[in-house]
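Look at the two complexes coming up: chain A is in both, with chain B in one and chain C in the other.
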Partner chain A sequence: MSLLDDPKAAFADLSRPEGWVLGVSVAFVLFLFVAMLTGALGPTYFLFLVGLAGMYALLSFGLNAQWGFTGLINFSVAAFFGIGAYGTALMTASGSPIAGGFSPLVGLAVALVVALALALLIGIPTLRLRADYLAIASLGLAEVVRLIVLNERWLTNGSAGLRGIPGFFDGWPVLSTFPEAMPGLRLEVIPGSPVILETAFWQASLNVLLVLAFAGAAYFVLRRAHRSPWGRVLRTIRSDEDLARALGKNTYSFKMQSFVLGSLIMALAGVFYAHLNLYVGPGDLDPITTFYAWVAVILGGSGSNRGALFGGIVIVTIREGTRFLNDVALPIDPAPLRLLLIGVVIVAVMRYRPQGVLPPQRELIWPSAVGGGGTPETPDSGVRERKGGDDDE
Partner chain B sequence: MTMSEGALPKEDAVLRVDDLQKSFGGLAATDHATFAVERGTITGLIGPNGAGKSTLFNLISGFYEPDGGTVEVNGTDVTGMEPYQVAEHGLIRTFQTPRKLEGMTVREAMLVGPRKQPGESFLTLFTSPGTVAESESANLAEAERILEDFEIDHLATQPATDISGGQMKLVELARAMLAEPEVLLLDEPVAGVNPTLAKKLKGQIRRLNEQGTTFLLIEHDMEFVMDLADPIVVLDQGHVLTEGTPEGVRNDDRVIDAYLGGGR
Partner chain C sequence: MTVLGYLANGLVFSSIIVLGSIGLSLVYSIADFANFAHGDTMTIGAYSALVTFGAVGGLGGAVLGLPYGFFLALVVGIAVAAVVAVATEKLIYEPLDVDSIGLLITSIGIAFIYRAVIQIRFGSDFTRFDVRPLRPIEPLVPYGVRITLHDVAIFGSAVALVVGLHVLLQYTDLGRKMRAMADNPDLARVSGIRTKRVKLWTWVIGAGLAGAGGVFLGLFNQLAPRMGFNLLLVIFAAVILGGIGSVYGAMAGGFLIGMINQLTPFFSNVVEALPIRPNWLATVIENMITIEYANAIAFVIMVVVLLVRPNGIAGEGAT
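Moving on, here comes the complex of A and B:
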């Protein structure tokens, strides 16, 4: 709101880390844009990266709703992601051993229902117990789901995976034929390096549209939930569950809601992935996905939706950006460097900014209740920034 | 001059504890404890270290499940209920060590207090955001009013983790008031609080009591509790030793024995 009314004040309101992130992001986007114009970065590949970033953002949103909001330790991000991917793939893929050929909307619904069932299955026995038990159970769950997918061939095709997954918009009016209908474009901004936009590019832009819709919806829901009384109870549980119970909050129910919500968002990431990649296999359930989601949330600042978004983008940048190291002659294989780099980033964040790059900044009270934007009693940005301790401010 | 258990009629008891028992291993932490808190009183609960005061609080508020006996709040049997259900029946408690709510401002932490907020239902956030906004505004106004009553409104937008231990106790009491308790259990309200703030807390408790809140409080500071509470329940080795006026309790030989360790 304030960005449109009064852009100057909106920028002045940013805390220093926010300003930094904004500046670096703008520079990064410009850099990518130039890379595209010079032909160093294919526009279709760029859109694929945006899709991946959206997917990781969804995973981080999901984990943030569980761990960031409520303090639930979930080590089965990959399982919920995989359930989403397999759920829709089994319904829609031509190569599906059980169903197949359904509309992706059916796939989406099935994926969400299965993820819901799985979340309840693991939540009911563990959420009444101490936080550690969910952590342990979810660790086991991730392996169980992966092994079932790998071994139950009648259901999942086993290690061969599922092929022939349609695009999400196949069979929709207008959108299904949109990529073919669009003309091929040839832009030559810089002479000698033309940028060609054709069917694959338009297909990729549809995928971006899809992930933006998913991530946008998730962000909208989480943002509203986070600053509501509902979210406040979750944050109380995270700090001190007994206090919440003593004040009459049914913490089991709240934890369950937070767990289910996060799991559904993770499944959403899986649904998108299946229709982006058009193939899913047991390898997609590898625990590395869980690891990436955790890194993203820790990096961005737990409890912060913007932080989760930022963390997701950083993960994709490191994961995909290091591919360009292949072109540089290095004495060692660049693939392990990727994990090393992520490790270094995590250590640096823990050392210099343990609360994450973009921790929740402002007071979280239902916006209209505080009496409109900018009243003097509304604390400015950085309520939490002040107590940063080792901050140099 | 001492009064035995049940000597007071207590027709209008807001909290009734009957024959409550709890053992940890072989130790009977609560040993057939029976007493009642009459509406409108500030009832003190004292006893030497290890007498089982905190265990009793945990049993009453639902954090521990009793091995036997019953707890009644407002005439409803709440034995074995979850803490949140006990709270829903009007019994609110505080904790010995102030609980810190990280990343919240004082008034945010206050807003956890009100019970049954419409905005605590996830669906309502999207189906009826207007209702949520309305109740949030009302709760915020009420929170600010209570902070003013407590003379700590200047702390409203401070991070809840940055205030002093004594101020935290005040905030905790203020937040508990937002839950509109029928009976408020305070676990050592002035432990570790400087004398000035302790005096302030005492005044606040008295004021709230005059406005109708019933209190049951554990306190080691004898001067504090004798000045504030009447009647006083004395707990020793898990059972109610005696109950009576501050003067009565102060002059009771059994109480003196219990504190000096001669009663074993």
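Moving on, here comes the complex of A and C:
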């Protein structure tokens, strides 16, 4: 926002890690862009990556609403992601054993309703538990959900998964035929390596548009919510639940609200994934998805939505980068390498920067509350970090 | 299979769960965090034994259908698991300046690193120990009990280890210090106990038992890089059922969870025989109590225990 009003001051205002992240991100985007122009990176694949990054950002936003705002250790991210994906897939896919053939909008609605029900089902028993018990219990319940999806063949098609999921814009007035209607473009920026934009590219760009809409909406809702009185209660619960209770807040109810909000956003990520991948299977409920989201959030900075966005991009880089590395340079199986990198990132963050790369600072304060313009004074990090609900108890 | 058969299988599987849950419970109470890398410590033990056994071979004779070399491999598996755990504590956990939740999250990273290293070295496929598979013990087959001498070896070794731990905890100086620390770390410290050293010993014992459990799990089923992580939640269920911080509770919880896990097919037979009134309820229950859901049942028990009796069946003072 301030970037639009006064770009120069906004840049001068960045803290050192912010400047770093901005610099690295810009360099990375430039690198990808050059790779695309030289033909090393297909534009359709590039858009797929952007879509994937958006999806992980959504997952991280959802987790951030639970862990970053309220301090709920939810290890059932994969369950909500999977339920969102299955919810829409069961409604829309041609291979669906129960319904199928509905519009993706119906799928979206059903996915959200099912995710809401699941959030209540998991939340009601577990949210009263102590933090570490909540972690174990939610991981256990996520496994239960995965086992049900895997074994109830009449409902979910079991291990075969669901095929024949339409794109999200299928059946929409203009957008459903948009990819075919667009002409195939042939750009030749660098002589000899043309970039060809075809139907698949336009399809992918629609998907990117969709995830941008989802992520943008989630971002603004969360940002608004985090600064609101409601968000302040959540932050109080995070740093001292007894204090919030002493102030007369029904902490259980607030925790439930933040849990449901986060879960719905995760389900949204699942819906997007189902219509991006056009196939869902029980493997999508593997706990690794949960930990991807966790890495994104703790790396970015718990409680920080910008951080979650950054974390989502890092996750996609790790996920797809290991695959790329396997194809090009080192013949190491990408799966364990990815696992190793994720593990190393977790340990390194906890060791060297437990508050994350972009801990929430100014984003928690209404802009109008910070000075009356001019150069804001150097943030007194101690006070602000405590206000931002840093992760010490 | 008869009830006796299921019970016998349950006893063997329980031995493995008990070995895992004791270590997890000890670390939970003394190092004060839920160690998500515990399952992968078991995997490390199993693969170290695999490598050792491959290197030394049978070494002549055999006990209970297992060559001497296997027992040497077991010892190496225990030792490697303990050494890795101590090294992790020294290098990673000790220098960390985070609370117990931070340690929990770190331990997930550690778990991934362990598993990734094993997977890079050995691939993600299943392997087995190079031990000749045995036929079930003949005289027991008429009773419906189909266990091999290997299973007897697993059970016997687990009992020996558990008894050894009991003696250690009750009658040695270290055991008294450990119990004091589990009870109240600050009080233990001001009474002059070197808490850091006791903590290291806790890691040695906990990870060593986990390593043994991993070797036996590999013998009972097979080895895979995910074997420990897949068992981790079942072990957590056992620890929570027994009450976090109580070693004897962990033994009881491990025994119960292992039994319930292996008795699931028997329960499903019982449920089918029972006259449950509304038909839909009968269908639901019959569908839910099947072998596919054996682990899910353990997880649900865990959540129920957390809700109604968070201190577990033998818990002491866990809040």
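Observations on the structure shown:
Heads up, the rule we're going with is that the second predicted complex is superposed on the first by the 352 of 393 C-alpha atoms of A that agree within 3 Å, B and C clash if a C-alpha of one lies under 4 Å from a C-alpha of the other, contacts with A are read in each partner's own complex, and residues count from 1 in each chain.
Here, a contact is a pair of C-beta atoms (placed from the backbone, for glycine too) under 8 Å apart; a residue touches a chain by one contact, two chains touch by 3 or more.
Just so we're clear, the structure is a prediction, and the values are computed from it rather than from any experiment.
Once chain A of one complex is fitted onto chain A of the other, the partner contacts of A:V144 are limited to chain C, with no touch recorded for chain B. In the superposed model, A:M350 makes contact with chain C only, not with chain B. Using the contact criterion defined above for the overlaid structures, shared-chain residue A:A335 touches chain C, although it does not reach chain B.
When the two complexes are overlaid on their common chain A, residue A:T156 makes contact with neither chain B nor chain C.
When the shared chain is aligned, chain B comes close enough to touch A:L247, but chain C does not. Of the two partner chains placed around the shared chain by superposition, chain B is the only one that A:S228 touches, whereas chain C remains out of contact. When the two complexes are overlaid on their common chain A, residue A:S239 makes contact with chain B while staying clear of chain C.
Per the touch definition, chain A reaches chain C in the complex via residues 73, 125-126, 128-133, 135-137, 139-141, 143-144, 147-148, 150-152, 291, 294, 298, 332-333, 335-337, 339-340, 342-347, 350-351, 354, 391-393. Across the complex, chain B is touched by residues 221, 224-225, 228-230, 232-233, 235-236, 238-240, 242-251, 257, 261, 303, 359-360, 363-366, 368-371, 377-379, 383-384, 386-387 of chain A. Within the complex formed with chain A, the chain B residues making contact are 61-63, 82-84, 87-88, 92-95, 99-105, 107-108, 111-113, 115-122, 125-126, 129, 132-133, 135-137, 139-140, 156-157, 159, 161-162, 175-176, 179.
In the complex of the two chains, the chain C residues touching chain A come out as 33-34, 92, 95-102, 104-106, 108-113, 115-117, 119-120, 123-124, 225, 233, 236-237, 240, 287, 290, 292-293, 295-296, 299-300, 302-303, 306-307, 310, 319.
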